[in-house]
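Listed below are the structures to be examined.
In the two complexes that follow, chain A is the common piece, with chain B as its partner first and chain C second.
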Partner chain A sequence: MLSQILYALPFLAQGFALTLWVSLLVVVLSLIAGVILGVGLVYGPAPLRWAVRIFSDTIRGIPILVLIFFVYYGLPAVGVHLQSFWAAVLALTLFKTAQVVEYLRGAVASIPKGQSEAAMAIGLTFRQRLVYVVFPQAFRRFLPPWINGVTDAVKGSALVSLLGITDLMQAINQVIGRTYEAMPLYILGALIYFAVNYALSYASRRLEQRFAFIRD
Partner chain B sequence: MGYTLNFNLIWRHFDKLSGGLLLSLELALIAIAIGIVIGLVLAVWYVSAGRVVRGIIAAYVEFIRNVPLILLVYLVFYGLPTVVDLAYSAQTSFVATLALYSGAYLVEVFRSGLEAVPRGQIDAGKAIGLTPWQRLVHVRLPTMMRITLPALSNTFISLFKDTSVASVISVPELTYGAQWINFNTFRIVEVYLVVTAMYLVTGYALLFALRLVERWYRTAR
Partner chain C sequence: MANSSNNSPALLDIAEVSKSFGSVEVLRSVGLQVAKGEVVTVIGPSGSGKTTLLRCVNFLESYDSGSIRIDGKEVGFRDGGARQRRSERDLAGMRAETGMVFQGFNLFPHLTAAGNIMLGLTKVRGKSTSEARAAAEHWLGRVGLAHKADSLPAELSGGQQQRVGIARAVAMEPKILLLDEITSALDPELVGEVLAVVRSLAEDGMTMVMVTHEMAFARDASSRIVFMADGSVSAVGPPKEVLAAETTNERLRTFLARFRASHF
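On to the complex of A and B.
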């Protein structure tokens, strides 16, 4: 049993690397998209606000799995051909973007209105208010939940195994298909996911404690 | 483009989706019912236990929260029967997995709820001579319930969405129904549009109903 698992380790490591790669892409892309849309949601004109609200509530209202299937099977049907890897990244990014939008909205909303008003009173422009007053404070509220939310990207990435992408989950299933050592391999996989995600959620909790001194 | 929407085949097989939706709700409901029991027992135990028990409960919570649900589903359905002498259907297996999963989230919810019960209420209970058990049942749990109800509603709705993972072990819930129609009729865009609408309408209807319950519960006494 042990020798079979040792033999499979390089293969599992490749899968794990893919899991990390998918997660990293999703986290970076969704951070960019989410911050832009989030600013649109808080400060944009009404039509933009509605559009972002509908986007976010729709995405957060359906299972990630449905979103993944919709993107993967639906795009080719309407003539858009993406490799399954990119279809998976796109679907997970949409899901994470909606989350980032909400983290950003929550963080900005937690900054007392007086801060913006004071900035306005001393004559800062809209851009200066955001960059020098609101964002530096909102950042401390945004960071802990966002880091914790990265675990959702890592956990969600296990669903891309259903599209035949050889991530850690799929690699584990393939090794089990060959060796029939189901339980040890699932436990090994669980421990790997656990190690990554626990580190992230631990970091998030520590940051939250560090930022806890900031009061309204 | 050149894709023409045609919903006829979706309506012809709509029983797969309506039946699937009911099963999704049923799975979520049974799972949260068991999850609430797990969560309550462990949370009450946690706040009064020593370090070892706390460590074990925390390990369970952290393990479940940091591992993908799909892996837990595989582990219980494909892995567990290879080491223990048990036979169970995919549906039972999934409900058990989702119950353990929701239990881990609810321990946290209930634990923070119990800690949020004002000290004065417990002292008042002590002052009028309630036993520790009476204080728990008549003072701490009712107040905790009111504090945690919103989080409980959110957990339920999130579990309802998580039932989609049951499709990977062929439990015929809503996402499985969607895939069946996807593979058998190729009306792909239509089926996912309909299923998206079904998840959204059901999810938001549940949210609305649960918010009403919360408001009623807050003002009831």
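On to the complex of A and C.
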């Protein structure tokens, strides 16, 4: 049993690398898109606010699995053909982006109005007010839910195996298909996911402490 | 101190400013001229529009009609008559010409006392970090907080925070300083240290418009007192005139009587 698993380790490692790669892409892309749309939601003109609100509410109301299948199997009907890898990345990114939008909105809304006014009063422009006054304070509130979301992204990436992509989950299933050693291999898989997410949570706690400036 | 009746053009010229929040008229054709070096205190019952007027001067609030000029330049709207709001960048530039101190201090909690002062100096005035640091230390010294330069706001008392707030505003070398009930959120024993700073700025010739409930301060430190009621200027003049017990202004007399009853 052990030798079979050891034999499969390089294959599992490749799957694990793909899991990390998908997660990283999704986390980075959704952070960029989510912050841009989130700023639009908080400060944009009414039509933009509505558009972002509809996007976010719609996406968050759909199971992520439906979203993945929709992008991969549904979009070709309107002429958009994506490789399974990019379809998965797109679907997960859309899902994550909607969450980042909400984290950002909540974090920015928690900053008292007087902060922006004080920044206006010394003559800072809109962009400067965001960069030097609002975001540094909002960051502290944004971080904990966002890191939670990152661990969700790592776990959620297991769904891409359903499109036949050989991520960690799919690799494990394939090895089980050859060896019939379901129990030890699923335990191994669970441990790997757990280790990654535990490391992320730990890093997040350290980061939160670093940015915990006292406020009244 | 300059007198309102001299002929020098007003530094701040508020003319026929009106503003409504929905159906409530908060400012009704308010007019007020402030000359360079004057200290004008604005008093009046709550809801009389004092704070709103002050916030219109640096365009934290817009107004529906009338004009507000500083050094002849319309604050919130473009030059040339049409009431077209200035661009964000223009507004930022105009706002840098006025300083504001807030009732709730509104210090930036993630920056030190010096950092609060340096932000505007580096990002708006384009000073280098070392120049800004020197200016911050100078102004913190002026408000008696040289030793607190590296403290975060949360480590300071209310009175100290407000003095940093004043230093942050004056370090920008504004043409005019707006003070919005700056002692109202302070414990009574901390009010004195903040007013002392304002007084020393007045002695240096800083032009100020100050909304306040500190009658003794208004009486002793201002060139003129403006009494507002129901969104309009009900009385204006030197402290002795406005605060005279025998005033014929009914509203003012009621306000002063109520005030004396509750404060003395």
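Heads up, the rule we're going with is that the second predicted complex is superposed on the first by the 205 of 216 C-alpha atoms of A that agree within 3 Å, B and C clash if a C-alpha of one lies under 4 Å from a C-alpha of the other, contacts with A are read in each partner's own complex, and residues count from 1 in each chain.
As a convention for this text, a contact is a pair of C-beta atoms (placed from the backbone, for glycine too) under 8 Å apart; a residue touches a chain by one contact, two chains touch by 3 or more.
Computed from a predicted model, the values in this text were never measured in an experiment.
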item	value
Chain B versus chain C, judged by how many residues of chain A each one touches	B
First (chain B), second (chain C), both or neither touched by A:137	second
Touching partner for A:194 - first (chain B), second (chain C), both, neither	first
Partner chain in contact with A:61 - chain B first, chain C second, else both or neither	first
Touching partner for A:182 - first (chain B), second (chain C), both, neither	first
Touched partner set for A:158, first chain B, second chain C, both or neither	first
Touched partner set for A:70, first chain B, second chain C, both or neither	first
Where chain A meets both chain C and chain B, residue numbers	none
Contact set on chain B toward chain A in their complex	1-3, 62-63, 65-72, 74-75, 78-80, 82-83, 161-165, 167-168, 175, 178-179, 182, 186, 188-189, 192, 195-196, 199-200, 203-204
Of chain A, residues touching chain B in the complex	58, 61-66, 69-70, 73-74, 77-79, 151, 154-159, 161-162, 169, 172-173, 176, 180, 182-183, 185-187, 189-190, 193-194, 197-198, 201
Complex contact set, residues of chain A against chain C	112, 114-115, 117-126, 128, 132-133, 136-137, 213-216
Chain A partner contacts - residues on chain C that touch it in the complex	58, 60, 88-89, 92-93, 95-100, 102, 104, 106-110, 119-120, 123-124, 152-155, 168-169, 172
